[in-house]
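Below are structures written as structure tokens.
One chain, chain A, appears in both complexes that follow, with chain B as partner in the first and chain C in the second.
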Partner chain A sequence: MKGIIPGNNVKVFGRAIHALAKIGEDIYIESEEAGLFLQTVNSARSAYACLCLSPHFFAIYEEGSGIKWKVAMKSCMMAFKSLTSLEKNVDKCCLELGTNEDKLIVQLHQKHGMVKTFYIPVIESETLQAVFQKNGSASTLTAQSRLMSDGIQNFQASVEEVTLSVSPDKVTLCNFVDDEPDPTKVVHTALSLEPEEFENYQLNHCAEITFCLKEFRAVLTLSEGSNVPVSISFEDPGRPIIFSVKIEPDLEADFVLATLADHNKGQLSSSGSSSPQRNINKPTSVVVSRPRKSLNNKHAQEVVSKQALHLPLTSTSPSMEHKEMEEYVVPGTPPSKRFCSMFLGLSQPSQFTSMAPDPDEVLAEATDEEES
Partner chain B sequence: MNLGRTVNVSENISCDQQEFVLVVLSAPSKMKFRGKMVEIICIQQFTKVVATVAKVAKIVALRLSPSHLFLVLNEQVVNGGTSMWCSLSQDHFFNEYNMEGVSAENNEIYLELTIENLLRALKSAHSAKSLKIKLTKKRVPCLTIEVELPSLVSASRIVIHDVPVAVIPRRLWDEFQEPEMPDFDTVSASREGEMTLTVETDLVTVKTYFKDLDMSVEGKNVQSQSNSSDCLPWVEARVDIRKLSQFLVGQQVNPLRVICNIVHNRMIHFFLLHDDLSLQYFLPCIAS
Partner chain C sequence: MTYTMPLHIQDTDDDDSNYILIAKIDNVKNVSQLLKAVHFKEECLNIFGASTVSGITTALHLCYAGYGSPLVLILEEGGVLTDCRIKTQETEEVLDFQFSPENVVNKVIMKSEILREAWSDLDMTSEILQIVMSPDKPYFRLSTFGNAGTIHVDYSKDSDMVESFQCTQTQSNRYKISLLKPSLKALIQSLKISIRTDEQGIICLQYMIKTEDEHVCFVEYYCVPDEEVEVGEYE
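== the complex of A and B ==
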């Protein structure tokens, strides 16, 4: 694979890498005829991002068929660390990746004939396949990035998750307050927006969706820089929420975030954001964004990624998934299991057991249990 | 300051009240507070005052009276013993201001809150159309900050922050009265209007000399002393430099007038005066 990114697109590319870096620790690269695909997933497997750069994004694009490689995010960030320097100094950026090479070569051609070359080691030949439906029965809201970023600025930096409540005449974003720390000592913040502020407001039914703010900020890193709108698609609590960004005409990105499953769905709309009952059923804290440091765990995940990631897309029908999830969720289970709402077909034991050859084999869950 | 001691009070608050109803105590009368600011200058100035207080204090008492708001820091001696007294005239800041205290004869409200929470809530309001502050009963007593922000359409964006507070019971009010001005040995470091700021470490001593400072004649002793000898002894106060610089660097009030009082070997007292607000900071001496 060989690609040359012209100067005006280098900064967009840099921002895309920065956005991915806020989510995962590795980048999965695939080169196809349709373009270059960059994907990442966070360590808890609850957030996934996929970027597609069409061949027109490049000045020259030579497809490298069958290239499916994984490189470390940290190494990539070395090359694209400073966005201002990319914008000011870089005339073009060459990416080169051979089928038999073990390095991704990034060359930044800068002013005054200076060329910086980065050799980024390839960790593995591996790919990532996510199971999610983009255009289901989802509701879709589209808004300018500015509206979103102005909105989330009102939240304290310590806020990890937010709840998006959508009704036909109002959109409310509030911080999700868990049992820990003491909810009576936490500031509750709620932001109300009028539907008129959205460019597109297509709502199938009212919903309250809780997701992580950290990954949402990653989405905005990409979209705000190019000042393009963000589309938000969502269904029910527990089903993934998808943020789509399109930087015309050559870059498309989907960010898929897990949402918190809700068990008192019927009561939800009437009882407000936190009835005591609901709190009891909730996991103590919903940490999807923290990288796991345990080696043991990491190992387990590798196993999972090899086995489960190549599952065919068709293997999970949405309705099945939902049902299984509801059965599985037990009060007091470690949070990651609940929050990883199954869009990757990874963190869900019931799926593993149905698809893995041996039910006693592998599975990150065992490691999770030990850890907690 | 201890949040724990006020816990028993919140138990007394009747729980049948839902959102947007002002706080109700089972005490003889209802406490109510609702204020609205419209002018952006006032909103910003209020935020700056809160930011100044937040630099030196974590938990403060907010005292509401019909004419003034007070932010009070009353640190115990074991924790350093600094104290702060900030007084804001309500009619300068607020366009609407309604309050009802604990009772007719004690028409005041005393609340304890984490000042950083209030500050963060106010940061939403840097370009606000209006700012409402009210006392509400949600799950716990809250100071609800309602910010109306401009939007792209006719309707505004509304941000609501519920900052949890604890109601300070009447019997503890005495701890939050305005500190008495101590008897100053002199109003400045020397009668000639000179002040020396000295920093001493094991390795180095730095002295900064300030000259031709104004002398205001306020302290009791100054009158008698000024009649006596010209060469009065210098007065000295050794204070924690971190706290001093925290205060001086952190202050965003930009007052018209600053008065620095020194009580020999006891404390430094700063008095920041501006149109409709005053801020006093008491910094006790540390053992040399």
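== the complex of A and C ==
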């Protein structure tokens, strides 16, 4: 795979990496004829992002015939650390990975005859596949990034989740307060927007969707820099919310965020609403299937990809996850996977399973199979 | 590290006849700025005042009467005199790197700006910084080998940021980053840097610093190459 990104797109690319870095710790990269795909998922598997760079995003693009690999986010960030420097100094950026190489080469050709070369170790050759429907029965709102970033600026830095309430004549964004001992002592911020402020306002039915603010900020990192609108697609609470950004004409990005299930419904049937655990909230039905193959082994790839794994995404805030993990995780187990299943099993009221995938389907194991 | 700057060295007069060194400077900031560049402990520099009020300068009168005597500092700011006496200690022998200009093999003079940019990109988790200087490509290369990957920063000898490029032979030396890091303080303040290496790979980094009063001063930094690295360990 070889790609040369011209100077005017380098900053966009850098911002895309920064947006991904706000979500996950690894980047999954795939080079296909249709372009270069960059994906990431957060450790709780409640947020996923996929970027597609068309071949026209590059000055030169030689596809790597379906080549797939994974690199550490922090390694990637070495090359794209400073957006100001990328914008001011970089004339072009070359990405290169040979078929049997274990290093991704990122080369920044800068002004004043300076060339920076980064050899980024390829951790593993694996892929990430998210299963979500973008154009289902969803409602879609489209707004300028500016409108949204101005909006979320009003929230305190400590706010982790926000609720988007949409009705035919009003959109309200407020901070989600749930696990505070005394909700009356928490700052509540609500902000109303008129439908006229949106470029597109296609509402199927009223909805109240709660999602994490941190990942939403990641979306805006990408869109605001290029001053492009963000499309928000959503269905019912508990179903994923999808933020789509299109930077014309050659970069498209989808950010899929888990949402909390309808907490009002949950409270009615939950016996212990004062429980410190957030057991009134139900994980979403977003499913990430994740075939893995051993390095450079076509045969193994086919075999393993049939065993696609379904990892339901959980709908908690990061701090919540850690609390849960401290209580239940056996030391030495991979935290995120362990957490997925533990959390589902322990805190999900069984009456809601109809809206979410069966927790028994959670197959968090078997991803480390090595083919010979 | 050594530094040189113009101080007014006075001939001893009647009042100061006991001193073997007397130096006066109108703006003490010129001194404190350079002391910072040679990695002086910041708290020791508070003696020169932290005031940044424009238009007010502090003058310094520095005297030393010889072995065993305190270093006398008289600071004057807006008619207020501060008299300080700092106890002096036994000196440790200053290490002589025996770096002589005749033995210089490679020499590059460049604008500090472009080197600062490289420093911010290099991976500080790397134990060593490798410097390649060569009459041929890659001419001048800085490399780090950290946990997150390997980084090379190359400069062309024809860059508009490179003022002088006199490399006679290809040299690749590694220096401990922990040893080079203190010289960053000088790099940050400097306008230009001259990088020289001798036959043994000892590096001399000379930073050109302009003080507030437009005086040109030089801070020199010497470092020996790291011997413990096996050949072939790094790419």
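Criterion: the second predicted complex is superposed on the first by the 261 of 372 C-alpha atoms of A that agree within 3 Å, B and C clash if a C-alpha of one lies under 4 Å from a C-alpha of the other, contacts with A are read in each partner's own complex, and residues count from 1 in each chain.
Simple rule for what comes next: a residue touches a chain if its C-beta (ideal position, glycine included) is under 8 Å from a C-beta of that chain, and two chains touch if they have at least 3 such contacts.
Everything quoted here is computed from the prediction, not taken from an experiment.
Student: Per the contact definition in the header, classify A:204: touching chain B only (first), chain C only (second), both, or neither.
Tutor: Neither chain B nor chain C is touched by A:204.
Student: Taking the superposition on A as described, I'd like to know which of chain B and chain C A:120 touches: first, second, both or neither.
Tutor: Only chain C is touched by A:120; chain B is not.
Student: Given the touch rule stated above, what does A:78 touch, chain B (first), chain C (second), both, or neither?
Tutor: Once the two structures are laid over each other on A, A:78 reaches chain C alone.
Student: Report for A:156: first if it touches chain B alone, second if chain C alone, otherwise both or neither.
Tutor: So A:156 only meets chain B here.
Student: Who does A:183 touch here: chain B (first), chain C (second), both, or neither?
Tutor: So A:183 only meets chain B here.
Student: Per the contact definition in the header, classify A:194: touching chain B only (first), chain C only (second), both, or neither.
Tutor: The first partner, chain B, only.
Student: Overlap of the chain B and chain C footprints on chain A, residue-wise?
Tutor: Chain A residues touching both partners: none found.
Student: Tell me, which parts of chain A touch chain C in their complex?
Tutor: The contact residues of chain A facing chain C are 72, 74-75, 78, 81-82, 85, 89, 103, 112-121.
Student: Quick one: which bits of chain B touch chain A in the complex? Just the residue numbers, please.
Tutor: Contacts found on chain B: 114, 117, 120-121, 124, 138-140, 142, 147, 149, 151-155, 157-164.
Student: Quick one: in the complex, what on chain C touches chain A?
Tutor: The touching residues are 114, 117-118, 120-121, 123, 148-156, 158-162, 235.
Student: What residues of chain A sit close enough to touch chain B in their complex?
Tutor: 147, 150-151, 153-154, 156, 183-194, 196-197
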